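Pasting a structure below so you can have a look.
Each chain carries a letter (A, B, C and D) given by its place in the written order, and its residues are counted from 1.
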């Protein structure tokens, strides 16, 4: 046996609820004991399209929140943007439908052993895993500030309950339809300069993660980001999801974002050469 | 414009009900004005598997009965055997689901202009179009006898209402679980000899149709049979569904069973060379 | 159909108001589809490949559905060229369809004889030469698999036909180097290329434990083969940028047609998709028109081969 | 696993308790799947093709989903043979897996050098030689597309390796005549054939209007290509009935594996299906075993090539 995917299980899971929230669907799944091993930053992969589907690959979704209490036992929640055929299929599934799931996968966010000042930055549905993370950080005595951004208000995912675990929440939209008009990175340099940030946790589009990495590096702030690369398998066997990452020995390796990520050290990802052959 | 497919329309149709009857599903579809052109012997073709289906070809089903009265306007009924992926998908569709349908297609059974003694023979779900046919024949003053057969009782489709339009109904099952143990052709020679049959109408497996043809020809009884060949398009454009048929000029032609059938003159079909190249 | 947008296309000297065509063998003689849309509304009807003599074709079963595709083994069933020219072409012309006649032969000569029959026929826009047929003079090897045989066929057709009717050579993807076959037929006088014919495939029926098709092997078509078709179009357009390509293979939406146009196709034929949707050609035509406009192109022509725009060399 | 039924198979001198293998490049180094089933439960793990030096592979995006298939352009990313032999093979052997090492080179020599490295390594059951790589010495043409180049590679490997380890030559379907390539490599010393590698394909991204993959073209795999794989297996088995074939291409159920066995495969590799179901190999193995027994076969061997039973001649 190997350490890779060591907590992962393939299960048939029932959709307990499927609610539209802005432009997203909040989907609650019954996953039983699997939930015990799910950490913020982990993701699931899921078959889509049903029995005779021409969509042969699994789709990856970040685990937004988990619960092992309540009437159903272990549940986990996904926040899904209806993007292409597969995610639209998932968003159209009724309560009671079952889906084939492999979970949990990937590296979780690292949790500091001492209380720190954490800044959580989410873009679009990238906020999904941050609320679960916020709860954990808060329970460890951290100060948790959160900045969320999206192009428009319907693409901001910020559930009421989630807000309770954060000390502050700022929202940016590009069209100004909610919160401040602008982008999540606008205030970042200043916050780092004020010394109010020890660790940045981020999740969102690759461009946003790259921009945060630059600022974080300038200010020598640790930056843990959850990356998102096109994935065919999610379990490390296809080599499609690679990113160039600087290793300890000074070499650059094409690491699989499904098993060596999605959470990676932003300072090590070679953002400029993502998507290029080397 | 051409006479081929001249009544056919492509429509989106709603499933009004889907009931299990023995080993079949009785599926009622809302088809609006299309119903006016549906005759016994016509069939429909239907897309299966939903939006991202890997099943790219339509499935053909005989029209069992039609109605242009009642709360829904035009409706038609199919009797579907869950056979492979496509028919199983159809049988699993809930009430209210919509399916993409082309109807009506193919040649209908020919209706005699004078009252005759008609014998209707159905094998398995092949009985489906016969009850509608029986009603029409009866309304024209014909005597209608019916023989249905199948391997076992759950594969006999013989709805109560349907029985009203026939003068006699005999059932044969190979395992004897219902009716007489045996095959539908067992009594056929004798019935023909007795002079009780002017026309045979049949629908069922090809082997059964071939056997009926032989007996009908011996006794010089007209035999209209609805054939069933593997069909890719159902509308005459693919040439997959061909059967060798004797033409008036004495030549044998590979006719398309979707537009030159499914109802054909049993005496003309070259049963022995079906499935062979010529 | 359009005001501000030029949706027309050409293949050699033939002009078509729209780039959407039926695919040979997937619209029969045209009549069958005319109930679903007026044939004059689309670019052209490509007729099923016609041979010299009437043919009964291959044994049934002639088709097998495969994941996102199908196999067919029709074996070029048809009435023979004389009956076809007397009955089917006039009907299409009367009904306002632009007609591309597809021809198929068993010998190099037979293609030339077919071409001679077409010389005097009015109303035909172009000839598609289906060279994916077994060459009875050469161990039954398919013409399109051999550059020499392909060249000989097109050469014979070109000479017999004279200079008027454009010749579209239809190639098979079952070759090691499709660009070299393309070059051979263009040198021999083809004005345009049709890419691609079906891939040779097979299904074993696990009940009978024998080949499912009566003809054993069959041609694979449908969405399953689209990536192979797009690759072939892209490669051939890179190698021969000035030769018009009629693209086909698994197109079932405007998006798919656009993919082929961007790869280098000047026209798109729709085959198997018509089996699942008899109005597919017209629907795809409308979708493609909408997409091209939405992307800001001023004409179809501007989009042809657009995916090659930052390249200089061939793809490999 | 079985009592009354002999499910074992051989490829050359190598024996395997089951005919179900992973496909090269679709199980990484094996560790990743071992959470989902014990690797010792299946026939063998075929490792991803390893080259002499470490390689970073091709740019991302490296995959595109296509109807019932996918394109990949990984470009043989890997750590190089030395690291691989030091780390991955011992781990597999310790975990009880039977190991087939897949090798890939850019020159005929490189294959031989790779073979030399394998000579002294214990625990390897066979070598799969992936000749679907561009030959840098010959205009980048893929080895497997040229009988001479294919022969040269296998010949070099055979000489260097000596007579012990069975050699499985993995062929590409992108050729005009796969049986002739098969004959060439068998003459050069291949003990078995792996059929098929991916088909060359391409997707144009209609948003960017450029080739979707970073590497432009990619290899098409998955159920979409199964009819092509079955045809290749059937043709090659007909041409070389005594040469064992490892079949692959779109297998995702026991039925699909049975189809390949009936067509002539002695073993079946599962690739893309593992991406959609990490336990696919084991599940397919169980399904196949059940089907073979249900059909009344007494051993796997009896079913191999069974679809050819009423034939004498080749298929064309």
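Just so we're on the same page, a contact is a pair of C-beta atoms (placed from the backbone, for glycine too) under 8 Å apart; a residue touches a chain by one contact, two chains touch by 3 or more.
Note that this is a predicted model, so its numbers are computed, not measured.
The chains in contact with chain B and with chain D alike are A, C.
At the far end from chain D, in terms of centres built from Cα atoms, lies B. Between the CA-based centres of chain C and chain D the separation comes to 33 Å, rounded to the whole angstrom.
Chain centres here are Cα means. That of chain A falls 55 Å from that of chain B.
One simple way to say how far apart two chains are is to compare their mean CA positions; for chain B and chain C this gives 36 Å.
Across the assembly, chain A contributes 54-55 as residues in contact with two or more other chains.
Within chain D, the positions touching two or more other chains are listed as 67-69, 222-223.
Contact topology of the protein chains: fully connected, every pair of chains touching. Those residues of chain B lying in contact with chain C across their complex are 1-2, 4-6, 8, 10, 47, 54-58, 100, 102, 229-230, 232-233, 235-244, 252-254, 259, 274-278. Chain C makes touch with chain B in their complex at residues 25-28, 31-36, 48, 56-63, 65, 67-70, 72, 74-75, 77, 91, 95, 214-215, 222-223, 272, 274-279. Partner chain B is touched in their complex by these residues of chain D: 67-68, 223. Residues of chain C touching chain D in their complex: 64, 66-69, 71, 134, 140, 145-146, 174-177, 199-204, 206, 209-211, 216-218, 220, 222-228, 230-231, 234, 250, 255, 258-259, 262-263, 291, 295, 306-307, 309-310, 315-316. Listed in rising order, the residues of chain A touching chain B in the complex are 48-55, 85-86, 89.
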